[in-house]
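Structures given as structure tokens follow.
Note that subunit A is present in both complexes that follow, paired respectively with subunit B and with subunit C.
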Partner chain A sequence: MDETPLHILVADDNQSDRMILCAIVKKMGHSVCEAADGNEAINQFLEHKPDIILLDVIMPNLNGQQAAKSIKALAGEDMVPIIFLTSLQEASDLATCLESGGDDFISKPYNKIILQAKINAFSRMLKMHNTLQDQRDVIRENNEHMRHEQQVARAVYDNVAHSGCLDLPNIKHMLSPFSIFNGDVLLAARKPSGSIHILLGDFTGHGLPAAIGAMPLAEIFYGMTAKGFFMVDILREINIKLKKILPVGYFCCTCMVNLSFRRQEIEVWMGGLPDFGLYRKETGEIERIKSNHLPLGVLSSQAFDADTATFRFIPGDKLYMWSDGIIEARNTEGELFGDERLFAIFDEPDSELFFDNILKNVNQFAGENGRDDDTTLLELSMVDESEIAKVDIDLSSGAVTGPTDWNMVYTLRDETLKTFNPLPVMLNILNDVPALRNLSGQLYTLMAELFSNAFEHGVLGLSSDLKKTADGFAEYYRLRNIAMESLKDTFVKFDFDLEPLDKGGKLTIVVEDSGEGFKYDNNNFNLKSEDNSAYCGRGIPLIYSLCDSLIYFGKGNKVQVCLSWKTQLEE
Partner chain B sequence: MPINTSIKGDELTVVVEGRFDFSAHQEFRDAYEDADSGVNKYVIDMAKASYLDSSALGMLLLLRDHAGGESANVRISRCNADVKKILTISNFEQLFTIE
Partner chain C sequence: MSHLNISQIEELKDIMEDSFGDLVMTYLNDSDTKMMALKEAISSTDSLQVAELAHSLKGSSANVCAESLSALFKTVEDSGRAQKLDDVSQVFEKIEQEFLLVKAQLQELQ
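Then we have the complex of A and B:
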């Protein structure tokens, strides 16, 4: 039996009854305090905080029922069992006692055994109540603490994981958080060339484990994109990092896209995500893009496969990316929304409605049931580059003074050409020149065009005409792969020369390749596309617009561009 | 979701039933960790599995790791169409024999 001594208040206006009751209670091992009327009972309650109150019903000044009401109100969340002492026999009177806040009653004259049993029963209940209350307080406190921490962490996470250029006019997106943290990551950033990198990731699980992995992923994505690295280099880096930091069994299903405005194409790497939809404006049809890789963070860097697929992407075309939460949305019957329902939405003739219709349909389907996974949806449209703001390059870092008078030759040969992107390295060197940092977007585009001309059209000998049609587009990449396999004694050579001028400077870049060259006319570069497709395919009008002078030499496998600038006066 | 195992020679068969998700984490892990040390082949029998989620994929990777990583001999057998689709989307056929 429960024998914990309690503190018990005995309130009875009849002195002899009160003394008898006190004696019985003390004999049971409990301590007592006394009151002779209702008011006194309330005062004693406030002063002594008794565990149980034995309260006579009929008392002068304030009767037992009125006192019970006040005491219960004063006790608030604390449990204070009140047992009425009564000689009343009418059922309705007894019921009134309980309604006024009493928990039980005992009839006079007292039966010691029953009294003891009731006190013991309430003692057990009290103990249970107190335990519950303590546990609840601990949980509440922990929960508040955790929520606070999560809110702060969430703010940090959002700054890292959802920053970038998701607000561009050609991007629509939706992220629904399943818990405070979302297992989904959606990143977008501009390359120095103006191209857009987009990454949609879905980490295994929700909450903290997912959020922690998202941090280095986002850092690598933004850092390397801003420096002009290729998508495959960024994916390799992220894969190594995730493989290193995530425990076995945790990974990130990922799709990364590189949208090039000038080339009018998207390059896609996809691992572990459901089919995406590529809408073609020309035909009004939707094409499926499939995952052909394992998620990031699974394979070692040796086994990692960075092969990408390239698709023609012209104005009006749209790419739809989603996490599996969309397909796995469940209705009240537990049925999945599924791939078929999702792709059926594209039967709608007006492509402007796709995005909203997907959200509407999924919400209607899941209804009250909500969604049991993170859901992320993104629509990426091809538009003319002029509709998009210029790249905002961060000039906040770097020295004010730098090298201003130097020359560098950098020659890339067979194996290097196959696998290595030299642009970040070269740009890094050029960006040490303070005046060139202001021009880095322009410079990146210039270098990227020069390199791709020298490599794709020069070394690999591919004709840019092919890329004008959808079929030729695929053919172009097929031929490119074949040509890459058989590189022998090829090179692309960059020669940079930087010289200071009065109040400024001049950069001369000469690019030479081992290819066959092409027919050119040094006096007539600014032709319209219909007049000379060879120029246009090689981006020559664009190069021409970015530099001060452009001269081809020999058979057309050597080109020189000059770029000069005036140092801005100190303000 | 119940998980049953049986051993035949050096091959451990783990039968997964119903929804294969995080709730099966401990049981699935126990199923292969408690197995006899003579086991070097693993078969995950999915005939009765209705669905698997990404944490189940994670559990399969853990098993693969336990079974020797790159050299692991793990077969995932008798998958229904839904289960197979999820394994295919994730390109798990590159890591497991799926039959």
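Then we have the complex of A and C:
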């Protein structure tokens, strides 16, 4: 016998029949327990957990059919084959046996070979059933384990790829998770200058593989934004990172936006995403912004193109960003929602309704079953900066003491000026001074303005007046590109001087550029100009408001600002 | 003429080994008791009881290879189920004779 020994219950009220059956079963190598009626059969089943039951139909007290029903109910998910012992011939009697849970019949006189065949068949079936049940339990256990892991991973993920400042009053957003982890990422953060960085990413695929890529992406986005890096630097860094860690064929369709309140513009880099909509309050029209790059994580660092497009963005203007899940939502006929339906929503005269209308239309179109991709939607409105909370940047660092008495000169020449943003490097050094760390937002704005004045207006010789009109705006950037190409023997030189004072310190910054300078009046910087919210300007009133003194020298290509502070004793 | 199926009884002996004697004794005692009960059920024309007892005896007799005896019990069972006990007494007499012969042959085999 090639089968594993089983435990078999023989229930028959006729003692001689029971003896024969038991003898046959034992001869086959199985073990046996016995019952003389239905009640005993149930008790023996509970006590001995037999693998197979041979059950006589006609028995005193409780008959075989009643016993079978109880036993099947007690067995639950376990498989307990019941073979009825019967010489009943009537079809209706046999049917009743099947209904009560019988799996097979054997009739008297018992034939050893037939019985053996039946027991062997059920033995194989049992083995298969048990294997299936074990595998199901393993799967269930694994599934449980995986869900738990995913929940923990989700908590970690949420800490890293948190939504930043998406709760700002000028941002409306909707993220629909297709699974615990979805392939869409939506991040927003304030720069030290108060500008907002927004990143919408759509990773290939869903779930864990997509989420894994989102973690370094978010880490870089938040880390570099807080340190004041430019958008293009951040994109480069993310691209290298994703290229390095993602398998071939995995990448992240991305759009990153830098909204500058003071400059009243948005700078956009878009790769691999469907057209976005830019709503103009002045004309009531919707402009398309197109992807002109490959997704992040595809190109090598050398081939990566960080060119951005800049758009005028004045209060009332709105930018709409979405992942392709919106356009690819399907209705019951399998039709796509599509770009045309999406842009038609902007025909509505009230721009306040756009966001909700997009969601409503897509949901109505797709119904219950249409969601087969992650859908993300974001509306970014231009408002006056005063409507937005102040930047709260955490540059927490363990060091309490730091350099307090030093001087540094940092000169940037042609090639560096073309490609490099010196602000993070300089701010990093300044932030080593504990007292300056508390002023980092103010310091960033100050440095950004000083550098922009020296480079854009000084070295490149661009006039800020140009940016006052929409046409001039484009012209400004055209001229800027031309001027950048022909840089020769140019420089911007920073001279930092930090000296300790009694209970405090003083930072003096002198910035000199190779440009032509401009007409200035050292006694008239504190202009409470009505034009302060205009598109441009040299931001001199702003600089003036941030420091203790501001002095221009010579032809206007050299400026000195001073910033002093008292040490707070609590710190 | 044999009252037992000879080839089958050899197989049964083979299966039961040392317990064959016990089996014969159990069968004979059990059948004695049940036949007495059957006789009583026939005289009190309890058709249901007649059918059930005859059914049990039919099965156990078949199992000890007493084919003719089993067939006689089947006739009684059928009559009991049909609730026509008119001719059953006659059949029962045949059963008593056949049972004695089966008994003798089984005891001989031990």
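In this section, the second predicted complex is superposed on the first by the 477 of 571 C-alpha atoms of A that agree within 3 Å, B and C clash if a C-alpha of one lies under 4 Å from a C-alpha of the other, contacts with A are read in each partner's own complex, and residues count from 1 in each chain.
Throughout what follows, a contact is a pair of C-beta atoms (placed from the backbone, for glycine too) under 8 Å apart; a residue touches a chain by one contact, two chains touch by 3 or more.
Keep in mind that this is a model prediction, so the values were computed, not measured.
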item	value
First, second, both or neither for A:Gly249, with subunit B first and subunit C second	first
Which partner reaches more residues of subunit A (counting touched residues only), subunit B or subunit C	B
First, second, both or neither for A:Gln560, with subunit B first and subunit C second	neither
Which of subunit B and subunit C A:Thr204 touches, first, second, both or neither	first
Touched partner set for A:Leu294, first subunit B, second subunit C, both or neither	first
Partner chain in contact with A:Gly272 - subunit B first, subunit C second, else both or neither	first
Intersection of the subunit A residues that touch subunit B with those that touch subunit C	none
Subunit A contact footprint on subunit B (complex, rising order)	22, 53-55, 57-59, 61-62, 65, 89-92, 94-95
In the complex with subunit B, residue positions of subunit A that touch it	202, 204-205, 248-251, 253, 271-275, 291-295, 298, 324, 328
Subunit C to subunit A touching residues, read off their complex	8, 11-12, 15-17, 19, 22-23, 26-27, 30, 52, 55-56, 58-60, 62-65, 70
Interface residues, subunit A side, partner subunit C - complex	13-17, 19-20, 23-24, 27, 58, 87, 108-110, 112
